[in-house]
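Structures follow.
Paired with subunit B in one complex and with subunit C in the other, subunit A is shared by the two complexes that follow.
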Partner chain A sequence: MEERLPDAGPKAPGTKEKTEEPIARFLVSSSPHVHEGIRIRSVMGLVIVALLPASVFSIYLFGLPALFTILVSVASAAGFEWLWQKVVRRPGTAGDLSAVLTGLLLALNLPAGSPWWLILVGNLFAIVVAKQLYGGIGYNIFNPALVGRVVLLVAFPVHMTSRWISPSAWGMDAVTTATPLGRAREALLATGSVDAALTRNEAIDLLIGNRAGSLGEVSVILLLIGGIFLLAKRVITWHAPVAFIGSVWAMAGIFHLANPARFADPSFHVLTGGLFLGAFFMATDYVTTPLAPAGKIVFGIGCGVVTVVIRLFGSYPEGVSFGILLMNAFTPLIDRAFKPAVFGARRAKTA
Partner chain B sequence: MGAGREFAKGLWSENPIFRVVLGLCPTLAVTTSAQNGVGMGIAATFVLLCSNVIISVLRSFIPRKIRIPAYIVIIATFVTVVDLVMNAYFNPLHKALGIFIPLIVVNCIIMGRAEAFASKNGVLYSLLDGLGMGIGFTISLVAIASIRELLGNGTIFGAAVMGSSYVPFMLLILPPGAFILLGTMLGAMNRVEIALARRAGRAPSIRKEHDCASCAIFAGWSNAADKIKALEEAGR
Partner chain C sequence: MKSGTFFGGVHPRYEKDLAGGRPIETMPLPARLVVPFAQNLGAAPKPVVKKGDEVKRGQLIAEPQGFVSVPLHAPTSGVVQAIDVFPHPVGADLPAVVIVPDGKDEWAPGLNVERDAGDLGADALRGVIRDAGLVGMGGAAFPTHVKLSPPKDKPIDVLVLNGAECEPYLTADHRLMAERPAEIVEGASWFAKALGVENVIVAVEKNKPDAIAAMRPAAEARGYAVRALDVVYPQGAERQLIFALTGRRVPAGGLPMDVGVLVQNVGTCYAAFEAVRRNRPLTERVVCVTGRGVANPKNVLARIGTTFGDAIAFCGGLREDAGKIIGGGPMMGVAQYSLDAPVTKGTSGIVVLTRREAVQYAGDPCIRCGRCLRACPMLLNPSVLSVYAERLRFDETAAHHVLDCIECGCCAYVCPSRRPMVHHFRRAKAEIRKKQARAV
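Moving on to the complex of A and B:
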């Protein structure tokens, strides 16, 4: 919105002389009054750059189906954002890259070779229902990409949990297989022990990403590189990711020590599933997570606890997305409990 | 007001679900199939009709201070009738609706019409009011249930209509789908009402709390010009 203080420049021809009270001539606006010049677009751009290594690697691993998933998802997310603004005639935010990021994150949460309609439905719910119906960017309670994923998981369980492709460069001889977490659960149900599944997964394979899974969960190292890049650029802080991953490790470790045959090794839980993707790229979202450092730590621990409880005792093999969404709902409460200190304020001295 | 208008108001202008937003518990819970919607609608319509008539007849005998317990006794009587009849003659439907049949006793629509209308009006008008509200409720239930069944299961009244390649969108059969769909339909109905009101040159009859202008998100819009423009577009 363009506003100009009176007398700041030559008046447009034909403007009527204002006869208001002097006080009314001052520009009144709400805070913030000082800007750092950071735009939504540049922050979103940095996050997209941070996700690129993992995205490109997923295309190398799963081939053209992965490329197809990413392209359709990004295009449909941006398309729905643009369409929504045309329909409701609201000022555009389609250019701020936030929808592109949502589309990319959702794609990284999908199995390679997802059918086009599945990706479209996911993005429709992510952009229109989870984001725009709540009022658009800045007003959404839940992470849009995760809402899209969970809607698909609940609505199309067959397509979302049993059609994983095992990695083979360019997807030539793609065979469907189960994810490590899925295999651990199947073995547990069949034999009452998780060891059989674990021996098939070397830690090094998990680290570099030689395993089945959704596009963005396969390569822990590349996601970690992206996360460190964001930390270095000060786009995110360490609190939520460290608390999230740490609490998953600690809680899985406690259960593993109590009963090693029933519960898998904590490092298995840290390296599998969407934990790194969720911890660095979704539990750090500005809109849907707490503001203060202490609040971010509480948020991360909550995500970790819910994730481990669902993985170990729930009916789904993976709990990262449910963990983050549940804690999204608690974010206003956490923000109220852990208010950041007001700039310049001093703690009152007790006599 | 004429008898015709007392009947017709339940269908659109005071539709219990989409305008007054009452009776949401059965609306959200039982609308997983069109058949359930029809069953629930007819059961509630019968109770509403009978309780409106009886309460209207007895309206000068019921002491004001204990009117609510008196209404509940009357309503519960007819709910028991419906419950037993459905159990005897429509057993599968009775099983599908389950606890929501006895819960008609505390349905806000029926209590609301008793308190707001039947206790103040004559028998004929109360009968027409109950019939109109009941039919409006039934139509709304069937509309919601049909969409949920069609998209969530690929069928309408149990008949497959979406073709064999259709993958059911199971979310709509589940509780969150009911909330999302109802909210979307409420929004769409408000749009229709605004358009109708503008054409007729009257103010749209939308309750303040269902109106975008009273929403905190709307109030938070930084750009006042947009807000004013949107208000003008909404027709006020």
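Moving on to the complex of A and C:
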């Protein structure tokens, strides 16, 4: 048992020395004085862990080009964050892992074998333009990874939409092909109807990820496992993902029932186009989506409606990114509309 | 509708084992006692003694100013050495009387005598309780006789004895319930009599099984119920406790009496027993001196005015790595800048955290993770409130109900950005009240 400090021992009368002690001896700050211990870094770390199965599987499917894309993207995201904060002399937040997560999410939104400069440009827009120019973590309006992806999609459509490769372990014999949604659209444009067999019978391949697509969108099962992990760890809530996926399924289903020849099966829409990646990992982004549960549901439904409208009637085969980005813009409005009711406030109505 | 718990809340590390098993020890009289006048919510009493006066234990040393105010009594016999400003556990220097004990600890005449209180009526009981200087001893220090005087249109039908003691570390109420259950229950019976209430509920968190076991026979002998509550902080907060026990919601901006409930801390009940049956004014209380920064955590029966330094010395002194001294618990207590701050009627504990344990809140940007919304037992939106407060938009904080915040600290406790939420809300409240005062 260690003791210290003369005044803490048996009491000597007179307190002069005590009051003259330096005030800085004890920490003084507002309550509470203890903390659960969670930090931004630990939250981001959990999301990264949740993305690992899908990431590792993408390397298995697409080989070294996938690994290259992930590494370059993560490194450039963290690098841009560090560099920007050096340039503008802001306190560094590169250690909070949020830039690493953005880089990983962007990589998972790119085709395997994307050239290094494409990845760099994407991360430049994601980290510097979409995040840091808005004020850094906590202040950005749009999901940084999706901004990076959409900039690339619009500026470099060839690289982003027509160089998909079929899964082939370690990049051997890579065959360029189209994504399932792309093929469905091509068939629709060519023949006037979607191939029902194509859209209905591929469900198993779609679930496990045996298909062309961006790195992270391919394996629905692994993305779902990651999402359930985040739900179990209470990092995210079910509201936005369920509303998002549910509304895509419901809306695509209505169109499919109305005209099965023109509109693909709803399960096809649910399992393709990065919907699970978007619903569990980007429509749940803290900064850019609503806070209240009811707001999250509205946000998810909005994402789903925009996604289906773009997929069915827009000029891009896939609409998850646009759906989320568009709803990001509505987040402040949704937050205003759904304020939590104060405890005890309900009584005023019933009294 | 009855519900076992309330919305939100957190599960902090309770650390009750540090002192929970230590029986209450009576602390010897220190070399001097510093008795602040401001020990109750409302108006502080005015001194009626001067430097050099001799006082006896229980003698009036300050008289109440108005209805929401209580008298103050000398904690022992001795001489008034000074009346001056001294560090006060609220975190400021405030007027106090310094008494040097003569060691005889003599009661003033007429006090400390057994009284057969059976024939005291409601008004007489309220008088005795006011004259004994009773305040809420859970920490809020609201004058007890005021609570016992509800307006005619707000009849009370439920009296709750709050033994939840949900603050981490603190075990003062726990020990009192385990060791003096009959006295607590009798004290409560005087409250019940003053209010004309028959439905009395003793509420204890489940993490104090020995306290529950001790209270049960004492309570049931009088027909009172004992309810074991889930261990969730802040289970002992009035509104949350009332909801958990009765399903009644205290209206926002209202008081428990608006739903017919009165909550009294078990320590206050014990003080009421002392006042009514033994004719002893409030001059001492149980203080839990605990935390890893103190050598021998203990529950001590200390005189009002005992300095934190003396109380800690009685518990073996500070450890080398002591970093933060808290008056009260770690969730809602006040960090002390001086060991000269004294134990007051509202001091339920002195918690000494090590430097490593004491978290300094930094204030990174809000990442809108929503954890605070899920933790807030008042169903507020702490995230939005803190952002408005940070930008000095206090009107917006008022519109988002910052005045309903109970400052329990749950939001800050779970914040991954370690934002000083409660600090922001206190500031916002103060600014709003300042503006309201100007407008009048």
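Heads up, the rule we're going with is that the second predicted complex is superposed on the first by the 302 of 351 C-alpha atoms of A that agree within 3 Å, B and C clash if a C-alpha of one lies under 4 Å from a C-alpha of the other, contacts with A are read in each partner's own complex, and residues count from 1 in each chain.
Throughout what follows, a contact is a pair of C-beta atoms (placed from the backbone, for glycine too) under 8 Å apart; a residue touches a chain by one contact, two chains touch by 3 or more.
Small disclaimer: the values here were computed from a predicted structure and weren't measured.
After overlaying the two complexes on the shared chain, residue contacts for A:121 are found with subunit B alone; subunit C is out of touch. By the document's definition of touching, of the two partners only subunit C reaches A:340; subunit B does not. By the touch criterion defined above, A:315 lies against neither subunit B nor subunit C after alignment on the C-alpha atoms of chain A.
Look at A:40: by the touch rule set out above, it reaches subunit C but stays clear of subunit B. By the touch criterion defined above, A:151 reaches subunit B but does not reach subunit C.
Contact with neither subunit B nor subunit C is seen for A:259 once the two complexes are overlaid on the shared chain.
Look at A:139: by the touch rule set out above, it reaches both subunit B and subunit C.
More residues of subunit A lie in touch with C than with the remaining chain of the pair subunit B and subunit C.
The contact surfaces that subunit B and subunit C form on subunit A in the two complexes overlap at residues 1, 30, 135, 139.
On the subunit C side of its complex with subunit A, the touching residues are 7, 10, 12-13, 30-32, 91, 168, 239, 243, 249-254, 295-296, 307, 309-310, 312-313, 316-320, 322-326, 330-340, 351, 353, 355, 357-361, 364-371, 373, 377-381, 383-384, 400-401, 404, 407, 409, 412-418, 420, 422-423, 426. Considering their complex, residues 167, 169-172, 174, 176, 180, 183, 217-218, 220, 222-223, 225-226, 233 of subunit B touch subunit A. Residue ranges of subunit A in contact with subunit C, taken from their complex: 1-5, 7-11, 13, 15, 18-19, 23, 26-36, 38-40, 42-43, 93, 98, 135-139, 237, 286-287, 289, 291-292, 335, 339-348, 351. For subunit A in complex with subunit B, the touching residues are 1, 30, 89-91, 117, 121, 129, 133-135, 139, 151, 154-157, 159.
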